[in-house]
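Working notes for the structure below.
Labels for the chains are A, B, C and D, by order of writing; each one numbers its residues from 1.
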Amino acid sequence: VKKVGIVGATGYTGVELLRFLVNHPNIEISMVTSRANAGSRVDAMFPNLRGYLDLEFVKPDLDALCECDLVFFATPNGIAMQSTPALLAAGTKVIDLAADFRIKDVAVWEKWYGMTHACPDLLGDAVYGLPEINREQIQQANLIANPGCYPTAVTLGFLPLLKAGCIQLDDLIADTKSGVSGAGRKANVATLFSETSESFKAYAVMGHRHQPEIAQTLSHFAGDAVDLTFTPHLIPMIRGIQATLYAKKQGNTDNLTQLYTDYYQNEPFVDILPEGVPPETRSVRSSNMCQISVNQPENSRRIVVLSVIDNLVKGAAGQAIQNMNLMLGFDEATTLRQPALLP
Amino acid sequence: VKKVGIVGATGYTGVELLRFLVNHPNIEISMVTSRANAGSRVDAMFPNLRGYLDLEFVKPDLDALCECDLVFFATPNGIAMQSTPALLAAGTKVIDLAADFRIKDVAVWEKWYGMTHACPDLLGDAVYGLPEINREQIQQANLIANPGCYPTAVTLGFLPLLKAGCIQLDDLIADTKSGVSGAGRKANVATLFSETSESFKAYAVMGHRHQPEIAQTLSHFAGDAVDLTFTPHLIPMIRGIQATLYAKKQGNTDNLTQLYTDYYQNEPFVDILPEGVPPETRSVRSSNMCQISVNQPENSRRIVVLSVIDNLVKGAAGQAIQNMNLMLGFDEATTLRQPALLP
Amino acid sequence: VKKVGIVGATGYTGVELLRFLVNHPNIEISMVTSRANAGSRVDAMFPNLRGYLDLEFVKPDLDALCECDLVFFATPNGIAMQSTPALLAAGTKVIDLAADFRIKDVAVWEKWYGMTHACPDLLGDAVYGLPEINREQIQQANLIANPGCYPTAVTLGFLPLLKAGCIQLDDLIADTKSGVSGAGRKANVATLFSETSESFKAYAVMGHRHQPEIAQTLSHFAGDAVDLTFTPHLIPMIRGIQATLYAKKQGNTDNLTQLYTDYYQNEPFVDILPEGVPPETRSVRSSNMCQISVNQPENSRRIVVLSVIDNLVKGAAGQAIQNMNLMLGFDEATTLRQPALLP
Amino acid sequence: VKKVGIVGATGYTGVELLRFLVNHPNIEISMVTSRANAGSRVDAMFPNLRGYLDLEFVKPDLDALCECDLVFFATPNGIAMQSTPALLAAGTKVIDLAADFRIKDVAVWEKWYGMTHACPDLLGDAVYGLPEINREQIQQANLIANPGCYPTAVTLGFLPLLKAGCIQLDDLIADTKSGVSGAGRKANVATLFSETSESFKAYAVMGHRHQPEIAQTLSHFAGDAVDLTFTPHLIPMIRGIQATLYAKKQGNTDNLTQLYTDYYQNEPFVDILPEGVPPETRSVRSSNMCQISVNQPENSRRIVVLSVIDNLVKGAAGQAIQNMNLMLGFDEATTLRQPALLP
């Protein structure tokens, strides 16, 4: 049994980690930290955990965290990088669910995240935790940059097309839509129920932090720079991301659904639907699955890929646990093999 | 491994049974029936089950069902009673998630359900499947009347007060609220998104079928007739029931929270919150838990009990599986020990 | 044309006042104040007003406000009472949409609102702005305490029964439910979309500020103290209040629907539905109407009254404008005669 | 005062027409037809109209309809074309809110709508009722094809770019999203609350009827065929459409916001927001306004236009009334100048 700690578990990714971890047979939750809530029970804040977790929040203490085998950071951007060097030095593995280690180019990172990086030398060691592209490196990694929610949906949707070379790299569009939980659990007028229910809007249309993260992965994978237009939108629902991806055909584009099915045939958490069957976010809600369909519409010169995930699961906590399972040598799907909640 | 069949699995209680059963270690899903959808895959209708269930719907066939150890009826009212005598005769246990066996008095049943009962002689044998009051009988039963969703929330909320004799029997009120999934998965203008979202209303205010079901249980338990006013409402959300219960004090009403905690101390799926902490339906969404708080407000002569469940789980499929576990000799909580999905 | 000012118009009652006032033929909006947003355009915060209102927020300035004929306070509790004496002295009429002047007994007010009242001597002069009971006084008033949202729905629902003497005063229950906009437009974790959507809960179950406000009005009207149990709940929708009212019958209770219809026959904004037809909050959404049905259910010794309003309109801004129309001698329904938005 | 009839007013566009028309000073609602509901009061089906409309549904009767000055068809596709020739012959003007007269090429129409057109000779006379492009023709017209909801949002969003020639015609994308009311008020499993709430999906991804309608208008306007990829999605909300439009730059693209502002400067119902300010559907909910922003994001070679409308108002009933006002010689904005309902 491995000892696991969670730093900053008062947000949605924190409680979601706990929901899966309390039923994980091979780990023990050693500590759950929150500076503001130290001393109060975790299940007082999250009553869904009553009967499943008998812990209080504790103040984050680096020495105590160093006794864990693995620590999750479910914190705002800029926190994990403060403690990661010490944890790694102590032999504790780290999975950062925030963005501290997602971008390899420190200048790009500092531009988009508006702060100086505390340990840029670790950016090279950090493994981007998308098992579908980096499974072996993740198994060997001590430091995981858990991917962003949009990047997970978009990257998994574009990969087989890039691999097959049947789209133009200089003309990609990702029109993405997310539920409100992606904005986190913090007091904020803009994400009040009365501000977001019964409404839909784009946001960050002039530029969003996930654009360079996606472009980095796709460019690396394609071996050449991609041109990606990325437009995020806010959906009046709690969970779920849909990425609608547009790419211009190049070369042979027959049998794209077969291409995708083959590409992901051994993946436990990517599922390809038939052409013309649009995935629904509810079919993956609460689950670690990504469902994708690839389509060539009538009246269009383009390929349209539809990719859905639960932003808090495959887009955050579930993927982090998938990474943990790989890092600690467990079956990759442990505690994650559960059908989505429908309806 | 026991063989289990599900009749009529195209509704929400059907897919919810499947969500839990695919991960049950001691059973095998032998068949899933649907007259209208025979020949199509179950996971084509419910894509959350892709990868978890490799079955097609089949036409309901009594001989085939008789080879199951246990059959769930997730059908409209009036269906289960047609086949139950034959199934019982064949040694197959039956759990009816509809109302066919819930009311002991056949005249009352026929009044509220508007049809002639097909096997009134079985009403006496059927066990009302609320484990918190009938655990031993359920373990011995061959035929279970799975309780209604409202009756589960209301009955669990009132029981300790009735048992302790600290309320007047002739003056009970249950103001209840349910998510829209309680109305089922059938084409209907009244439960369209555009009819029910951003709105709230009472319904069936002049009389609802669950009133006699609740009154029957409470009266039986109290040993005397209760007078119960029951008002159901529709909430613009998918899952969840809240029952707000009002009772007039009688005798000693100190330490009611302790009374409830003691009463339910061995129950795996009833959880008592402190006074003044209102339960939220989301804290039990997707889970089999019932959370209750009992309160004595300022400015009031009344006790106010707040009771929440997920109508599709503790109010239907989860409770049915809890009953199945008891009937088949498994651990009562098998496949049901999962924290609720929050948020 | 009368000059009207709005203090604190960055909340939901503020924007709702503006929605109605921009189309009012007899008034001119002189100023809209906000300390935090002074200098920015009102329609930058509320883009629904683009093209309808060409004003910037200004800092609240008492001298400037004194030049208005009437000032609305759409502020948090405790603000209006600071400036009201000066405004009244200058001949400016005041409508407070907050609670500063709702409770006649200053000790009760100070207990529930947790502050010292700034001008308790004005409590006697303030007229409770429910036109259905105080129309003549409102016409003469200089200071209006605009009723709370719950009190409006509950009071209008109980009045005809109290008037007719056909219920027991010592046993009233108001089980009330409100949309989330009732909590206002301020940064707050508890009213985030992800905290309130797909969930339902009671709150303030041990005691809520609207209980004494309602009890004051009902007791005054009945001529004797009433005993009222009041339980508010939060509905996952933006707008709407439903009050489900329970009262024990006394004397003749025939023809209650006729009683209600007669009682409210001259009221432009109270509408009585037939028995057994439950009102829906959406039927009054965006409108100043209160719809009510009065019911005597089967299996019950009680009268069940169902009363719905839009909490931001008849429960706040619409009622304030109804009061303004009366105070300034306009037709009472000016700018308010609009059907609700359905769906 | 002109006499107006509405055929098929039991759907959402019907009740929305009524909401606006009851307050129109220059018309009288002569009759409201519904075959299924003849003899019952309109306000029994739509209680928001209680007190505003004292009519019963009547069976559609062609002679009676011919006595109206103008008839709206708020019917399913294929109904209006049956009666239109007779109405026109009688001198009654017709506005069809369905699709019968939207497509000029009868073969294209018959392919997408799956029926034989009843009066293809009228397709040439019918004026496409988008006032922003056809105002003069509408004023003279006797038969209006009221545009589809998506086509309104998409066309208004692309027009200034086409006019200015600063985009490539062969590479347009419209990623569109609609609230559920667009699917109408008919019994249907797919649009139940429990099927559509807390979920998001694309639909009709292989081809949708609105694609040829949009392409027809844009091509006509550009003077050359456009290539348009059109992907509709379903949003879990009642009202609102967002169109996110992508076009590849060509020539000078400076000052696009100024271009749009100038282009629509005299339009009462098109409003241009600053670049980088994304419109929200709620800012136009219940109103006839279209709000648009045009953006050139960082990291993109494309122009991204965001266009929002209320699908039931500018996308249906409001636009129909705008057309009626033009046809009957009233001020174009009569009864339509109302700020949106926010929140």
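Convention: contacts are C-beta pairs under 8 Å (C-beta built on N, C-alpha and C of every residue); 3 or more make two chains touch, one makes a residue touch a chain.
The model shown is predicted, which means the values in this text are computed figures rather than measured ones.
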Which chain's centre, taken as the mean of its Cα atoms, is farthest from the centre of chain D? B
A-B or B-C: which has the larger count of contacting C-beta pairs? B-C
Where the centres are mean C-alpha positions, what is the separation of chain A from chain B, in Å? 36
Cα-centroid distance, chain B relative to chain D, in whole angstrom: 45
Centroid from C-alpha atoms only, then distance chain B to chain C, rounded to Å. What do you get? 39
Listed in rising order, chain A residues that touch 2 or more other chains are 12, 179, 181, 185, 194-195, 197-198, 236-239, 279-280, 282, 285, 343
Could you list, by residue number, the parts of chain D that touch chain C in their complex? 12, 15, 18-19, 22-23, 46-52, 181, 185, 197-198, 238-239, 271, 273, 279-280, 282-287, 289, 291, 337-343
Chain B partner, complex, touching residues on chain C are 170-171, 173, 175, 177, 179, 194-195, 197-203, 205-207, 211-212, 215, 227-231, 233, 235-240, 242, 244, 246, 275-276, 278-282, 285, 293, 295, 297-302, 304, 306, 308, 343
Enumerate the contact residues on chain D facing chain B in the complex. 12, 179-181, 183, 185-189, 191-198, 236-238
